[in-house]
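One structure coming up, written as structure tokens, with questions to follow.
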Amino acid sequence: MSKLENTLISINSLARPATDRTDAVAMLAVTLLYLVAVLSVPLYAPQRIIWLAVYPVVQSEVSGIGFLRVFLRSLWVLPLILLIGVFNPVLDTQTAFMVGGVAVSRGWVSFISIVLRGLLAMQAVLLLAMSAGFYDMCGALRRFGCPRVLVTQLQFTYRYMAVITEEALWMDRARKARGFGRRNYPLRMWGRMVGQLLVRSYERAARVHRAMLARGFDGTMPLSRRTRMTRRSWCFIAAWTSVVLLLRFADISSLFIK
Amino acid sequence: MHMADALVSAPVAVSAGVVAAALIVVASKKVARIKRDDILPLMGVMGAFVFAAQMINFSIPGTGSSGHIIGGVLLAALLGPWAAFITIASVLIIQCLIFADGGLMALGCNLINMGAMSCLVAWPLVYRPIAGKTFRKGRVFLASVAACVVGLELGALLVTGETELSGITSLPPSEFLLFMLPIHLAIGLCEGVATGAVLCFVGSYKPDMLYEADHVAAAGKSGKMTRRTKTVIGVFAALALVMAVSFTWIASSDPDGLEWSISRLTGSTELAPAVTPATAIMPDYDSTFAGVLGGLIVVALLWGFCSILFRKAQSRKNAEKL
Amino acid sequence: MSHHYIRFSDVHFSYPHGPEVLCGVDLLITHGEHVALLGLNGSGKSTLLLQINGLLLPSRGEVVVGDIPVSKKTLRLVRQSVGMVFQNSDDMLFMPTIGEDVAFGPRNMGLPETEVERRVGAALESVGLAGFEDRPAFSLSGGQRRAAAIASVLSMEPDILVLDEPSANLDARARRQLIDIIAGFSHTVLLATHDTEMALELCPRALVMDAGRIVADAPTALLAASTDSIAAGIFDTARPAPILAPASN
């Protein structure tokens, strides 16, 4: 199961950002604002969505990730979007405008819109995932007033994701070694294997709990330090907020097309 | 079933986000009141387990395809509804923030569709009355299947509702439902059988892992449920299940349902003509088309400019490091 | 200062619905002693260790740690003075970063933040992980993780250090560093292990467990030379001497 292996690698690499760290709070705030901006553009105005591509393009290059990487990964969202969007050209055949003598229906316009917003929204989230480390994002969530139970839960789950995935990988390899090339599990065998993994996870939880008790845990997690907002993060927020708002509300296409 | 950002409008996303946030706050309070003091590490490791288990596929007999669990009902059967909701929420949030799986704005929708429906609705209303208090394999299996089907069908119903409310698709709600429900009936059956298989294994191997209401201080309500309420809930749940199953069965027994409805709507099943690439260099036919094209050109130029500018800066930085 | 002893008097213990795992354990470890706890798998070593800071409470008998009898009421006090290092370091490093893991104990003790920081720095320094505060656990090697797990206990400044299989799965260099860390701890140490060479090096005294009882309490070197069947099983001296190569010493 190469999926298990790949995931293991990516979990570990994403704990801390690969590049110069952008403050997670600022990044999360800008991403949310950007998504609202993208999703609130009317469906029949793709020419207004496209301008919002400025954010993923520029920010991915500024942070050193490279837009090509973000763009290629964002293509993963297409199948799902096409599945839903493909009905629009079929159902909405009203003509929107003519291009070179061919009528373009409103359905196609909205279809393009859906694809664009899908890609841009995905790119923004990818950018967030790739440029702010997960633990920093947990800190950011805490800052945004997220309940402590959930933040603790996120940190715990993230911490043990790699550990349990590794355990699953060992079990999977042990089976593969005796599995005669079968890729998937018949259900009975799957039930026993996942059940076994579940029991092991449960026992691990008990051991973790013991280790916590031994160090004076009394039911509440001690708070870790909160991230502080620097002047740089405020500038980051202010700059992108104004750019996104400008792109969203000013009709830039009309500057070019009379 | 993960909804992408593209499929929701801003108002729908925000309002679903508010509802999901409220549920998380309530669930956090409930979890904080749970008496067992190992609940935090347990939930955390269980979240990691669900994440790992989702990557192990089982083969679906006779189809050649494979499936994996989602885990909502499974978690509820082990941790109780509220803790399970927080746990599944954490899995969804991590999938969104780390792997960009499911949108960030659509996260509220996803938490409700995939978390709340299975843990907070299907588990107490379907699983519990059927499974009963003592562990018996047959009942647990039946309860798992029923709860998973109900949970997924409700989720599919909500996905449809949210997409329609967002005004993204031109597909009318009824046709969309005909499209969603049969698929999710199949997924629900697989999920249910898988959940049942795991729970039966756990029940016979380590029965104390299964959730008991005694752990919960705030369980007064469900603990004191009279037999009559239980019967009523059970009947209601069974009814819902029967309706969901029969509806989707009718839908799927008419394989041309979707095509038929499309042809009825549009007058033909042919796709509308696609945009042929414009032969003119820069047509000024319509501002929409020109706007998209112009935007693409400007953004591409910007990309080239930025990549040259910042890649240089980056490589200079790297050179300094060396 | 000589209060940091461990005393077991006639301790019995069984898991719910299970057979008795400890069947009348008596022992006394005085302050500053380094003692090895030896025994084959399943002899009850881990269960015995868990009694010391009340993670399991005896079904009969009494455990006293530094004048405090271990009971539900005294858990907090006992756990502050007994630092316990478990077999699996991943189980002990559950926080986002090593720094926070090491700070977990002191923060639970309610210490002020400046003191917490000082202790985290000192503990990491003493295990050779200075500057690792912001690293997540999985970016560390197995040996570093073991060291971090020990640091997370040392930061509570315990009087008694209890370790379960500390050298398991470590390569030679990491094992050497571990031995140096333990040797540098001046208070009481109780060490359950299969690594008899490490026991010989670190602990002058050894306790041998078998079937829930302490069957031997003697200098480690003496045990290593013993021909007793249990000791021979532990030290692996039961195998026949090589026939062809003459013994060099």
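First chain written, first letter: the chains are A, B and C, and each begins at residue 1.
Quick note on the criterion: a contact is a pair of C-beta atoms (placed from the backbone, for glycine too) under 8 Å apart; a residue touches a chain by one contact, two chains touch by 3 or more.
Since the model is a prediction, treat every value here as computed from it, not as a measurement.
Path length between chain B and chain C in the touching-chain graph (shortest route): 2.
Per-pair counts of C-beta contacts peak for the chains A-B.
Set against the C-alpha centre of chain A, every other chain centre is closer than that of C. In whole angstrom, the spacing between the mean C-alpha positions of chain A and chain C is 43. A separation of 15 Å divides the Cα centre of chain A from that of chain B. Annotation for chain B: residues touching 2 or more other chains are 41, 44. In chain C, the residues touching two or more other chains are 94.
Shown for chain A are the residues that touch two or more other chains, namely 155-156, 158-160, 163, 204, 208, 212, 217-218.
On the chain A side of its complex with chain B, the touching residues are 1, 3-4, 7, 10-11, 14, 31-32, 35-36, 38-40, 43-48, 50-51, 53-54, 57-58, 61-62, 64, 66-67, 73-74, 76-77, 80-81, 84-85, 87-93, 96-100, 102-105, 107-110, 112, 114-115, 117-119, 121-122, 124-126, 128-129, 134, 137, 146-150, 152-161, 163-165, 167-168, 172, 183-188, 190-199, 201-202, 204-206, 208-209, 212, 217-219, 221, 252-254, 256-257.
Listed in rising order, the residues of chain B touching chain A in the complex are 2, 4-10, 13-14, 24-25, 27-29, 31-32, 37-38, 40-49, 51-53, 55-59, 61, 66, 69, 78, 86-87, 89-91, 93-94, 96-100, 103-105, 163, 167-171, 193-194, 197-198, 200-202, 205-206, 209, 262, 265-266, 271-276, 278-280, 283-292, 294-296, 298-299, 302-303, 306-307, 309-311, 314.
If you check the complex, the residues on chain A that touch chain C are 12, 15-16, 135, 138, 155-156, 158-160, 162-163, 204, 207-208, 210-218, 222, 224. Residues of chain C touching chain A in their complex: 50, 53, 55, 76, 79-80, 82-84, 86, 88, 90-97, 100, 103-105, 107-109, 136-139, 152-153, 156.
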